[in-house]
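Look at the two complexes coming up: chain A is in both, with chain B in one and chain C in the other.
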Partner chain A sequence: MEPLISMLIIIGGGVLVGVCVHFIPASAVGAMSASTGIATGPSMLSFGAGLAGILSASFALEEGLAVMLASGAGGSALMIILTILGGNLVNAFGTGVPPVSGQTANKLSVLGTSTKDVITGWEQKPYITPGTDGHGMPVQTTVSGIIGGVIGGLGGAMVFYGVYSLFSTFSVEAASLSGMVAAGIFLINCVLPAYTLVGKTEGMFDRKILRTPKTFLSCLIVSTFLALIIYSVSQYSGAV
Partner chain B sequence: MLPTLILGSALAGLLAFLAGIFENEDSDAGSASNPNSQVQLAPQIGHLHRYYNKAIAGEPPQNALWATLAATVAYLLIGQLSILGLNSIQSVLIAAIIGSLLAALIQGLYGFLAHVSRVASMKNFKQILYWDSLVSALPLSMTFVFFSALCLTLLAFVIHSLMGSPFSVPLIAMFLGFTLGAIGSSTGDVHYGAERLYQHYKFGSGIAISKQGDIDVKGEYGYRNSVDTPYFTMRFGGPVTGLTFGLLIFIDAVFRIYGGPWTSVILVFASIIIIFIFLVYLEKYTRDKYGPFEEGS
Partner chain C sequence: MSVDTGATSTGETDIKSIRLFAIAIIAGLAGIMLEEKISFVFILVPAIWPAFLSSANGVRSLASYGLGTGTSSIGYWGTAVGATTVYAGMLLGLNPVVEIALALAGGAITGICAQKIIKMKIPVMIRESAILAAATAVIIRFLIGLFPQQVTILFPLMYIAVTLAVLHPYNGSMGAGENQRRTLWLSGVEASMTTAVFGLLLLLMAPSWGSAGVLLVSASGFAVFIIGWYRSVKKDIYGMAWTGFPAAEH
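Then we have the complex of A and B:
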């Protein structure tokens, strides 16, 4: 593969990784059932999902780009939906609260004044614990999470494939090496949206989704630098 | 080939399930991850507590550190052990045990320092360093780390050798450690943060921002300490974490057995749809069962 195409794949993957964090609902206060979203920081959750995706994609390394991307997307989306399942089970039977979107109930979501779940049409407002910002992951948030998982998995697999195609020319351990580098690029691009999300998001129905262009731009710049560095490393190592 | 793959998937699922339980109990015994903020807030609003309070790092990187450390040591030791005449399974087991032991010891050291320094920073709020709350919970937390690192190391070996991943064992362990940390932090910890720490509030509500920090410091008998916590969370939070991680590894592994790579992708997406439908019914069930909040409750 042409080095330029590999670099473009790395850059595209990096940007997708950044964008995926906006779609995955996460909030640290969720651990006290005090906020809608999976109960951990958005960046770390996306990173965990992305690594599951890269691990899935690595099994399809010899099968070509399309299968790898699909495997990565499947792995990440599976991790996200299973985490939502686990979180909702604990909320349902451990804490005793139904999943509710706090932002939709408070008319703060992108849906405007509607207080109903956009997919099921279930009213959100009466089910929210007073003094909290929702709890659990309702259906609209789950759908957003699955979309985020698919985007993140695609991005992770793209980065992995791009790095692998650059490294495979000079290293026999290229798969492990590119897995490690891909994880690093994933982490960097995952952490960047933390500055626009400031700790919590409800996914694509949160108004913070409107800040995605900022994430897009910052991830584009950072991924371009990273792609250049990886290209230089591969060229230098190949020459030796 | 097929029996090996089925055995690999089943073994991987089982190890992942156990790793999930132990990882969650380690984080609960040490008040790590997100509920840690509540334990830290407590002295500031006048609740002196006997919780073991270690938060060495965020749960995903911390767990990845233990898993990678154990797997790296095990990976390095295997070559040495095979010289002694052990067969491959014996050397993997012994090497994994030694690696996990080292990870547990380092976690104990970090945990000790983290707890002491955190309590020291609460001096202004009259929080006292209770040695019994540290020395009784520390070995428990280290034991959980030992088992979770052992399971993850063995799982990494299974994924590398039986399932044929191109990644090296320590790298797989790092990936699994991060993923398990993210899952444990977001599933099992809710049971600790929203229920165990707030048992004196009525069951069936989230913890309002105004109540945060008002944690339960009294136990069934005397003051509560962190040895009691896994006793409670082991009944529900831990198994749910194990189920989540175990299902992730098992579904991902078992679908590789049948047909080509596209078949496994389609089956994974089909299982996502099935879980989604289950989630919709779960939400409906909880809404019907608990009902809307009543005024004044």
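Then we have the complex of A and C:
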């Protein structure tokens, strides 16, 4: 593959990684069931999903680009689904709160003033605990999380493939090297959106999704810088 | 742009992060440069501790503004920039100074993105991001110099170990009454613990007196830092006095 195309793949993957964070529901206050979303910071959760994506993509390294991208997206989405399932089980049977979207119940959803779940049409308002901003991961949030997982895994696999195709020309250990570099790029890109999200997001039905262009632009700049470094490594490096 | 948190609750003024960073860079670069030339690497281990202090201080300055991302995320991010650039630079065979300058640029670019595009209202954003990335780059570069042969195997361990030492001092001390002195003492404790871990690894991989020296120097540093940390904790806790039972109401 042309080195320049590999570099563009790295940049595109980095931007996708940044965008994916907006879709994955996460909130630190979720640990106390005081807010909708998985109970951790958005960037850390996205990083976990991305790492799962990079790992599963690396298994399909020999199968070609399409299979590898699909494998990455599948692995990442699977990780998100399992996390959401576990979180919902703990919320429902441990804490005793039903999954409910706080933003939708408070009429702050991006789709307008409806208090119903967009996908199932279930009423959200009666189930929300007063004084909290929702709890658990209801259907619309889960679907958004899965979309985020797919985007993130796709981005991670793209970065991995880009770095691998650049490194494989000069190093026999290209797979492990590019895994580490891809994880680094993923981490750098998924912390930037966390600045826009300010600690919590409910996924694509949260108003914060409207701030995605800012994330897009900043991830584009940072990914370009990193891709340039990696490109120059591949072009000017001696034998390792 | 140099708005620091100023005096702490204990009345001591904070060490400026620029000054800490200057010490870290000078000592760290001296350590990295001499590392290849002398056989007694263990005497250089203390030269890398200021870099740990500087990066922990960077996390402290950034996270004390309430970033929105967690303290842990910012530590991971800083080490990711530092480690990735150093790693790429190592493959290129770059000079350590250039690698650290690249990390500084990477941190600054991310800081500029956060400041200008995302519009975070944090005055120290650009400076501290750059400092954090460059200080972690110094640490990773030094550790890579300790293990020139086994870098590919050890790199994930290096990355995670350094990240924990960078992010934990502030994360562990934060809350009411947090002050820079105590956070930095804790950072010193964790820095010496991290170098001790790599000293142990070096001893297992290449048994020699030099390798044992890394472990010993780290252990003595640990003893010094933990005494300092214990003293500052003891000074900061409030005294407890017995005031007797409240008067019975029945």
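As a working rule, the second predicted complex is superposed on the first by the 237 of 240 C-alpha atoms of A that agree within 3 Å, B and C clash if a C-alpha of one lies under 4 Å from a C-alpha of the other, contacts with A are read in each partner's own complex, and residues count from 1 in each chain.
FYI, a contact is a pair of C-beta atoms (placed from the backbone, for glycine too) under 8 Å apart; a residue touches a chain by one contact, two chains touch by 3 or more.
None of these values were measured; they are calculated from a predicted model.
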Query raised in the report: Can A:199 be said to touch chain B (first), chain C (second), both, or neither?
Result: second
Report task. Pick one for A:184: touches chain B only (first), chain C only (second), both, or neither. Result -> second
Query raised in the report: If you stack the two complexes on chain A, which partner ends up touching A:56: first (chain B), second (chain C), both, or neither?
Result: first
Query raised in the report: Given the touch rule stated above, what does A:45 touch, chain B (first), chain C (second), both, or neither?
Result: first
Report task. Could you tell me if A:28 is touching chain B, chain C, both of them or neither one (first, second, both, neither)? Result -> both
Requested in this report: May I ask you to decide whether A:114 touches chain B, chain C, both, or neither, giving the answer as first, second, both or neither?
Outcome: neither
Report task. Identify which of chain B and chain C touches the larger number of residues of chain A. Result -> B
Query raised in the report: In the superposed arrangement, does A:95 touch chain B (first), chain C (second), both or neither?
Result: first
Query raised in the report: Touch check for A:85: first (chain B), second (chain C), both, or neither?
Result: first
**Report entry** chain B versus chain C as contact partner of A:169, first or second or both or neither
**Finding:** neither
Requested in this report: Would you please give the residues of chain A that touch chain B in one complex and also touch chain C in the other complex?
Outcome: 28, 41, 44, 47, 173, 176, 180, 183
Query raised in the report: How about chain A: which of its residues touch chain C in the complex?
Result: 28, 41-44, 47, 171, 173, 176-177, 180-181, 183-185, 187-188, 191-192, 194-199, 214-215, 217-218, 221-222, 225-226, 229-230, 232-233, 236-238, 240
Report summary line: Listed in rising order, chain A residues that touch chain B in their complex are 26, 28-34, 38-41, 44-45, 47-49, 51-52, 54-56, 58-61, 63, 67, 70-71, 74-75, 77-79, 81-99, 120, 122, 126-132, 134-139, 142-143, 146, 173, 175-176, 179-180, 183
**Report entry** Touch list for chain C against partner chain A, complex
**Finding:** 67-70, 72-74, 76-77, 80-81, 83-85, 87-89, 91-93, 102, 105-106, 109-110, 113-114, 117-120, 152, 155-156, 159
Query raised in the report: In their shared complex, at which residues does chain B touch chain A?
Result: 33-35, 37-38, 58-61, 159, 163-168, 171-172, 174-176, 178-183, 185-195, 198, 203-212, 236-237, 240-241, 243-244, 247-248, 251-252, 256, 261-262, 264-265, 268-269, 271-272, 275-276, 278-280, 282-283, 285-287, 290, 292-293, 297
